[in-house]
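What follows is a pair of complexes built around chain A, which joins chain B in one and chain C in the other.
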Partner chain A sequence: MIEEVKAKLGNPADLTTEIMDNGYTTMELCFFPSMCDSHQVKDGILIPFSYRFDPDEFRRMLRSDLDFTYAPNQDEWIDLLLQGCVLLQYEGKVYCFDAIRKLQTQPEDTEVEASLQGPQSAMTEDLDMNTYLIRLRYNSPTLVIRKLQKGEISRTRINIIYDRDKVNRQSLEELEKRLDKVKTKLLQASGQLAMLLGNNRYTIFPVTLQTERPDRVAQFLNRGKIGLLVDGSRFAIMLPVRFFDFMHAMDDDYEPFWMGRVIILFRYIGMMLSMTLPSLYIAVSMYNPEFFRVQLAFSIDGSRAAVPYPAFIEVFIMLFMIEALIEASIRLPRFVGSTAATVGGLILGQAAQQAGLVSSIMIIVTSVVAISNFVIPNSSFSYSIRALKYVFVVTSIFYGMVGIIVMSFITVVYLCNLRSFGQPYLALFLPNDKQPSRRTE
Partner chain B sequence: MFKAFVVLLICSLLAGCGMKDIDKRFYVVTTGVDWTGNPEKPFRVSLRLAITSNKVESGSSRTQIQTVEAPSIAEAVRHLKAFVDKELDFGHCRVFILGKDLVANGNPDAMSWFARRRDIQKVAFVGVGEPDALSVLKVTPESERFPGNALFLTFGNEGTESSYTVTTYLFDLTRRHFEEGMDPVLPVIRSLDKTYQIDRVLLMDKARMRLILNPDETQLYNMTANEAGKSEVKMPYRDGRIVLTVNQIRTHTDIAIGEVPLVTLKVYMSGILEESPPEALENDWNGIERQLGKRFSSEVEDLLYKIRDAGVDPYGFGLHYLATTFGNKQDFAHWKSVYPEVRFKVVTHVKITGPGVVR
Partner chain C sequence: MNIMLFVPHILVKDRFDGAVMSLLAAIAIGSLIAIVNAWCFQQFPQMGLPEILDQHLPKVLSLPLIAFTALTWMSGGIFVVYSFTRTMGIFFNPEMNEYLFLFIMVMACLFAGSRSSRSVQFALEVLLLLCAPLGLFILFKTTTDRLVSWDAMRVIAGYVRHPPSFRSVAAATFLFSGYLNMQIFNRLNPPGFRLKHRWLIPLLGASFAFFTFFIPIGFHGTIGVDQYMYLWSVTADSMVLKYGFVQRVVYLFLLVFSILSLMFVMNTYHCAMEMFKACWIQYQAKAEESPVPKSNWIICAIFGALSFAYASWSNDQKNQWATEWWLIGRFCVEIFATCITLIIVYLARKKTKVRAPRGGTANYGK
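== the complex of A and B ==
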């Protein structure tokens, strides 16, 4: 066996091959020590083979232990080795021992979708751990987990999970069709898979939702949605989704009813502001100043007196600064990040206005836009809103207030047109739970 | 994709030319129109323009006044554009002041300019300047933070809410000008040294000024016609005076259709006594209510007869009459012919809710 493996792998330096002899018999062993858990190898193979060797018991163990699988097929050997299994040949038969090294042994803390009073555990970058977390939360016999692999080189394991009774069959079929079409060399993150699965490359709004919260996955499964877990990524992809799912934070379900509603309302207001405020500023200060109250119009007029450029250039300057600041604070290492925020904040806050580059009202507009964008609970959705803001800005430069109104209308029409895996994106109401379950399996 | 881009590019060419930055506009805050008496150029148009500044504090408002004489208002404004460096914007012109001479002599059709300009808000306030509009424009109140704000606050009821001040909106003036059986009413703005005095009202027929009410009559008019709360009813009582602050006032008009119509005005008011001799209310609560009501009724009746004799109808009794009859031309002709003899009856119900103190 060893020769064949070595020939196929090209004798890599990190492959350990051994012919072991305990005085009674010999066993051939080969594995990648870096990919295997050495304790498991020791406990599972070496101890029974050396100190406590009993030929009958050893044979029985090989045949009945769950960790050992019989691997007669030569073509499989390399795959198994690369996944972190130990191959051993005993009495002419080749067995595979599962000793994959696990980096994560417990759930991580939520980082992206923090919650005040909800569960604090998030998914990890290990597929089996994630599957366990979901099984734990959605402890139902109808939960289906299907396995597949994607990526020619990475061979990333993917689990499709859904509730067999509640799942939307139409979406499931659609998903299968699209998964068949997915061809990629490296699959490293769930976001990548989400993009490959998406409607087309030019969709402005995300049609799948990525979440790191197992409680959210469970909630979605209960609503008949489908989840995709990608090995090596702490985010599950949920589909099909609606517009309103993106604006929903798990805390809304854990807080008292009215408080939750009020917060949701604020979130929608924040979204609208972050999307339209810069364009409103342009439209109102360039086309329709009578839209303001007279007092506000005069103070904007006064504060803009020192600004040499028209309002839209001012907006572009400030929006570029704030986007650069946000981008910088995400990408920078944590200990430099605070410096960037301080420097940027100072420039945005005071200096730019004193230098007469922008008006003081524009600084307020910019900060409202930035802050209310963070109110959106889902990051890919908040990216969409961030991008859409520029469409509104450009429209308002040419058409003023009318442009903004027409653009909002177009946005709503577009949202109505959008489908997430066959389901309407802007559907207001969930399908009724009382509908007869469509059980087919 | 390329096609969509080209369409977008073409669309961007459709942009209008309404684009003008907010700081490139000169805001007119008050417009004054005076009568010059010169038949060649009868109108003197004055614009009070706001000079905005970054700092906002009391007394920091600065304005600039531009005046020109012209045969019509539209020509005057067109001409005034040549006097200033920024585009004139009437979007925030909330106050229009007509000179007293203009109201007395002018041609009301020339005023249609206000109603026709699209950038003039129809909720703008209209008043009469005494002695003329320009002198009212020149007043710069010390307390003004924003240019022109003092008049906005006065008329808009955002700041002071005085029962002596009647507010007339531009749309209402236009409506009353054309409506049969209802005549325009305008507040009189008088310029004092550093402030305005707005406690009179000017009554017009369809074309000219007819009557100016004094402050007391103005308050009575405002209470009965506009149901203005925060007003007062007063009367002498024994050796002191009783002042009732009216919190709520409701009026109801009934017109009995007869040979000579009888207009019954029912007034319901309630409020607290702000001034009264000691122990007066405890002794005769109902009596005081009755006496106040009686006195108020007679005062209002006097006012109504005075207004009737001037030949104007600011209350819109004529309109009410038309609404209760078939409202055709004969009806209105009949009303016009009998209006000088119309009789008025005012019934007032006063309710004193308390003496204003807790004992």
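== the complex of A and C ==
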């Protein structure tokens, strides 16, 4: 066996191959030590083979122990080795021993979707651990887990999970169709898979939701949605989703009813603000100063007195600065990040206003935009809103107020037009309890 | 929506010659037509007007009918786009090129109208719900404003005994044309679907009719009211918000109003498009299609081009004249269409009765 494996793998330096002899009989063994758990190898193979050797017992163990599987097929060997199994040949038969090294043995803390009083544990980068976390929370016999692999090189394991009774069949079929079409070399993160599964590359809004919270996955499963767990990624992909899911944080369910509602309302207001405020600023200062009450219009114009160029240039400068700041604080190491925020936000903003490059109202607008963008609980959705803001800005440059109104109309229509795996993305009344829309105005 | 199409303007012109009576008559006729139609469409669940006509009438009859309805829809949409562009031009950016405005409107409606029926319906629901609070707020403002002269309204209401004029009735029944949506959107209604709260139709219609007619009179007086072309925008401009960012109510009004207009045009473009598509030979009615087929884009682009053509031909007077004729024409078409659907329902019922003893599965009269 060793020769065949070596020939196929090209005799890599990190492959350990050995012919072991304990005085009675011999066994051939090969594995990648870096991928295997050495304790397990020792406990599972070496000790029974050396110190406590009993031919009968050893044979029985090979046949009945759950960790050992019979691997007669030569073509499988390489795959098994690469996944972190130990191959051993005993009495002419090849067995494979599962000793995959696990990096994670404990659930991690939530980092992206923090919650005040909700569960603090988040998924890990290990598929089996994640599966365990979900089984733990969704402890139902109807939970189905299906396995598959994607990625020609990475051969990433994926688990599809759903509740057999509650799942939406139409979406499941759609998902299967799309999964069949997914062809990629390396699959490294669930976001990548989500993108490959999405409607098309140019959709502005995400049609799947990524979450790191097992409680959220369980809640979604209970609503008949499907989850995808990708090995090596701490985010589960949930689908189909609706527009409202993105604006919902798990805390809303753990707080008293009215508090939750009020906070959701604030979030929607924040979303609207972060989407339209820069364009409103442009519209008001360039086209329709009469839209606001006189005093407000004066104070906006007054603060723009020192600014030597039209409002949209100002907006672009400030928006670029804030985007750069956000981007920098994500990419920078954590120690430098806070410095960047202070320098950029406080000092630069203040100086830019005093130098007459931007108006002080624009600084307020920018910070409101940035802050209210952070209010959106889902990061991929807040990216969409961030991008959409520029479309609003561009239309308001040409059309002023009307541009904003028309753009919001188009946005709503676009959202209604989107389908997430066959399910409507934005709809108030679901088809089964729908009233016809009827206008009497 | 009526506001855009000069309904109040027409009514106000006739205010001394029977507009009030026309309103009352229109409420009766309009609700009757709407309720009868709603009932008729309920007999054919999951079918739009084109399918119903196709099934029960010979091709020679049904095709021109569908095409004619489509034309009515389309022209309605084009009128509204034009009037809306004019209003926005006057009140928002007076110095802007009209065609530039028309361009963004047409683009938006082109995009919106070419979606699938289901998407259009979702969008209608969402937008209506978004607009409703603002709209109600404006109505509330109008009725509580200090400057409203209730006496002027009373004076006009005193002309109730004058016989109604055909023009005013035709214009006022437009308020009840919401049911026309069912011609296409009935496809989405599941079998056994029942329109709930039908009693709301006359009630809501009547209240909106009275609002649109009487409030401007209250603001401008019995004589001054017919001096304005875009009556309601001017009326909204008569009000002031004491607190809040926005001082002039007209901007709130225009905001609600532009969304409503866009919705209306989206609706008309979409329905007209579906109807025209139904005139094709190999056509399958689908409520849900994604991605959007190319034919949708092409047909809607034609509508857009027609809107431009209309804008280049028209001016305020011509537009008003055309809209008036459209309203009257629409009224006749509506009555005609109601008769036809009634006949079809009658035929369909007769058929079921014959088939029923033989174990037919068709149960229209459920």
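Everything that follows uses one rule, which is that the second predicted complex is superposed on the first by the 426 of 441 C-alpha atoms of A that agree within 3 Å, B and C clash if a C-alpha of one lies under 4 Å from a C-alpha of the other, contacts with A are read in each partner's own complex, and residues count from 1 in each chain.
Going forward, a contact is a pair of C-beta atoms (placed from the backbone, for glycine too) under 8 Å apart; a residue touches a chain by one contact, two chains touch by 3 or more.
Please read these numbers as outputs of a predicted model, since none were measured by experiment.
When the two complexes are overlaid on their common chain A, residue A:Val413 makes contact with chain C while staying clear of chain B.
After overlaying the two complexes on the shared chain, residue contacts for A:Gly400 are found with chain B and with chain C alike. A count of residues in chain A touched by chain B and by chain C gives the higher number to C. Look at A:Asn73: by the touch rule set out above, it reaches neither chain B nor chain C.
Using the contact criterion defined above for the overlaid structures, shared-chain residue A:Tyr287 touches chain B and also reaches chain C.
Residue contacts after overlaying the shared chain place A:Ser34 against neither chain B nor chain C. In the superposition on chain A, the residues of chain A contacted by chain B and by chain C overlap at 287-288, 290, 294, 398-400. For chain B in complex with chain A, the touching residues are 1, 11-12, 14-16, 18-23, 25, 27, 29, 50, 52-56, 89, 91-92, 94, 119, 121, 145-149, 152. Listing the residues of chain A that touch chain B in their complex gives 202, 284-290, 294-295, 297-307, 310-311, 360, 397-400.
Those residues of chain C that touch chain A in the complex are listed here as 1-3, 88, 92-93, 96, 100-101, 104-105, 108, 111-112, 115-116, 118-130, 135, 175-176, 178-179, 181-182, 185-186, 188-190, 195-196, 201, 204-205, 208, 241, 244-248, 251, 255, 258-260, 262-264, 266, 290, 292.
Interface residues of chain A, counted against chain C in their complex, comprise 287-288, 290-294, 296, 395, 398-403, 405-406, 408-410, 412-417, 419, 424, 426-429, 431-432, 434-441.
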